[in-house]
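All remarks here apply to the structure that follows.
Chain IDs A, B and C follow the sequence of writing; residue 1 opens each chain.
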Amino acid sequence: MEPAMGMGIVALMGAAATVAGCSEDLESDIGSQSNPNSQVQLAAQVGYPHRIFNKAISGEPPSNAMYCAVGAGVAMVLMSESVMSASPLIAIAIGAFVAALLNGVFSTTSYMGRNASQTRFNQYVYLDVLRNQILSLMGHAYITTFCIVLLSYVMWNQDLIGHPFPFPVIALIWGLCVGAIGSSTGDVHYGAEREFQDFKFGAGLNAADSGNITRYAEAGIRSSMDNAWFCSKFGGPVTGIAFGMTVFLDNWRSTAFGGWVSVAVGTAIVILLIIYNRKIETYARNKYGPFPEYAGDIEA
Amino acid sequence: MTDIITMLATNWISIIGIIIGGICIAVGVHFVPVGGAPAAMAQATGIGTGTVQLAAGSGLTGLLAAGYMYMTLSAVDKPGISEIVLICATGAVGAMIMISVTMIVGNWVYIYGVGVPPASAKVDYDPLTGDSQAPYVAAGTVGQGMPTVCFVSGAIGGLLGGLGGSLVYCMLMWVNGDPAISSIFAIGVFLVNAVLPSYNIQGTIEGFHDPKFKRVPKAMLACFIASLLCGVIAVMIPGAGGF
Amino acid sequence: MSEPTETANQIDAKGIIIGLVGIYIAGIAAPAGMPYLAFLAGIGALFATKMGADAVRRVCSYGIGTGVPSIGMLALGMGIIAAMFGLAFGKMVHAPFIGPIVGLALALAIGFVVGSLANKIIKLNIPVMERCLTEIAGAGVLVLTGFSVMIAGSMDFVVISEKVITTGYIAPVFILGALGILHPFNASLGPDETQDRTLIHAYSCGAIAMTIGGFCSIAAIGAVAGLITTVVGLAIWYVTFMGFVKLVKRDAGAGYVGTGLLPPGAM
């Protein structure tokens, strides 16, 4: 392949990954999936019943791996010559649509199941909450799946990159990866800020306030969909950057360089990231200073 | 039946490779700073997700890079030891990139989104930079974010995880020569060796400075036995062309 | 957790027997010119899913420290290797029909060993760990073998390897099988969880896997057999999903509302 063409493909994959990361994070924020879900689940048990969407589909990485693997599997069937030799773009779109339907089914069962299992804490199953959020969840899941299946297709296609793994397996691995990144970066913005929006900015959640999530607005004019409004200002886009960076940097070094040079370039990237992390750590320490409540005798 | 004994006898080196790979994954999981669910509320130091998922996410990203490198190298000749070293290094660096990017962006969220400086509650001073930690831990929490020591530890964890996953893949490719079978088995072996250590640390650890890190030998023993079993079985499965 | 309506032994017996019978009917009938019976392997896998889901339900009522999903990923990781070894072993000794049983026996053994490792070496000290991990690993093998046989329409390792693994359909089967075992309990987590609701949910998750597997088998076996599996899967899914919603209504009682503010006393 021409080097320029290779770089173009890698850039395209990075762009698709950025969109996928962003929509993946917003999907999990609207549905309160992954780790912040523990607070939503806890809220009713400590006496704060709520109208917030509560879904847990076996953790974010497996559920995203499922959407992507199913999307790629369906696309693979449609593209195979014995079925209809569909064009890849249409096949991927239909595959992503099937994955979005599965997202809808799994979200419905987990919302109903989890709330019904908390009846004794006065936690209701609100059907309007379910109806309001479900299409938005499915829409975000569609975007995520479409982008990841597309980038897996580009990786797998013999004329483009030609990765030896089967197409659905590549999609499964990238799905697992986007779920892991989404739950470790963007979800923190939802869990530490949006869920506890009425607490003071500048500290993590005090263990004493566990379960006391922001829920009055959601009982009235707002809904869980507004989590996307809040998190799309920061949490969603940075998740996109993280996943896009992972896909781009990893493929760039193996496309642009070969053999040991690509290993050296990768190591250099990691060392640069460590130095950069040290920079922002010192910045935060100097800017914010120690917590005033601290009473120990270690000097800041 | 003789087929099976022959396969075991010829592929013993692959079994050893799978065991080494499994132990690398197990130790790697201990290096990755994961705070579990509390970290997602900036309530604990580390990455705010589950151990297994994060290890799998990074290790398998490395596996993708390693698989591509294996294909490129095997186009010339059947990969020998020096090629395997290069493939494993590629996989290890791929996993390191994924986990470093995740940690740096995670720190962005902690610093700019939540407004907290990264700090560990398990040690008073960062063993690498010497910075004091306790005054920067918010009230009612056990730290937040990834200070330098956690970051470096996480990068080492990614390295070991990616190395282990790639080594298992290479060993399986030696046996069956089929990337499809090898990749899905490598995922299987990876998951087994990532879950057992995560039980060992009970879901959360800060890195090599955490007292829980002393439990590594137990996980190594458990993963040695589990990988031995998986390895013995996996090397007896020939590729589709082997019949 | 309420009193179980079905005991663990009953569920295990049904899961293993129906699972194996389904796989065998499909695996024998399909190469003999009756690929339309391939969906029976999926039915077998459905019962195996339920067996795994019940084991997850029992073991996760103890705190296992790292969330529900990990235990299923562990079991499926062991399961995929054991399942494929079983099928390959059958091929090697020229008796493909012993494949699923060898795979199952091996998985039960590995599951027991890993369960003991978790309890004895890692010291999790969960009394049901060995038994539940054995069951989940067994369920994982039956699910993966069942859906692979269903998609390929054969128990021959070479056929499965060509039609299921090389094409990559194993990936959706792997992860949907895992979610079928994990999701039922995870989605019903809470003190008012009931066994019948969790288990009907396991059928419904298994049926989703069956539907998608059936769609994949359109490319692997042929349009008619694939569509039969897909339609049967969809029908089972519809019935069990409606049953699940009914049980949610029963368990939520007065809390199953169309809309409304927070319950009295919560503001």
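As a convention for this text, contacts are C-beta pairs under 8 Å (C-beta built on N, C-alpha and C of every residue); 3 or more make two chains touch, one makes a residue touch a chain.
Everything numeric here is computed off the predicted structure, so don't read it as measured data.
When every chain is reduced to the mean of its CA atoms, the largest separation from chain A belongs to C. By C-beta contact pairs, the most connected chain pair is A-B.
Centre-to-centre, using mean CA coordinates, chain A is 26 Å away from chain C. Separation between the centroids of chain A and chain B, computed from CA atoms only, is 20 Å. In chain B, the residues touching two or more other chains are 36, 50, 53, 56, 180, 184, 187. Residue positions 67, 69, 73, 165-166, 168, 170-171, 174 of chain C are each in touch with at least two other chains.
Contact of a single residue of chain A with at least two other chains is seen at positions 59, 62, 165-166, 169, 172. Against chain A, in their complex, chain B makes its touches with residues 36-37, 39-43, 47-50, 53-54, 56-58, 60-61, 63-65, 67-72, 86, 89-90, 93-94, 96-98, 100-118, 124-125, 129, 131-141, 144-148, 151-152, 155, 179-180, 183-184, 187.
Within the complex formed with chain B, the residues of chain C that make contact are 64-67, 69-71, 73-74, 76-82, 84-85, 88-89, 91-93, 106, 110, 113-114, 117-118, 121-124, 157-158, 161-162, 165-166, 168, 170-171, 174. Across the complex, chain B meets chain C through its residues 1, 3-4, 36, 50-53, 56, 178, 180-181, 184-185, 187-192, 194-196, 198-200, 202-203, 218-219, 221-222, 225-226, 229-230, 233-234, 236-240, 243. On the side of chain A, the complex with chain C involves touching residues 41, 45, 47-51, 55-59, 62-63, 65-66, 69-70, 72-74, 76-77, 80, 82-83, 98, 102, 105-106, 109-110, 112-128, 165-169, 171-172, 215-216, 219-220. On the chain C side of its complex with chain A, the touching residues are 67-69, 72-73, 165-172, 174-176, 178-179, 182-183, 186-193, 197, 201, 204, 208, 212, 215-216, 218-219, 223, 241, 244-245, 247-248, 251-253, 255-263, 265-267.
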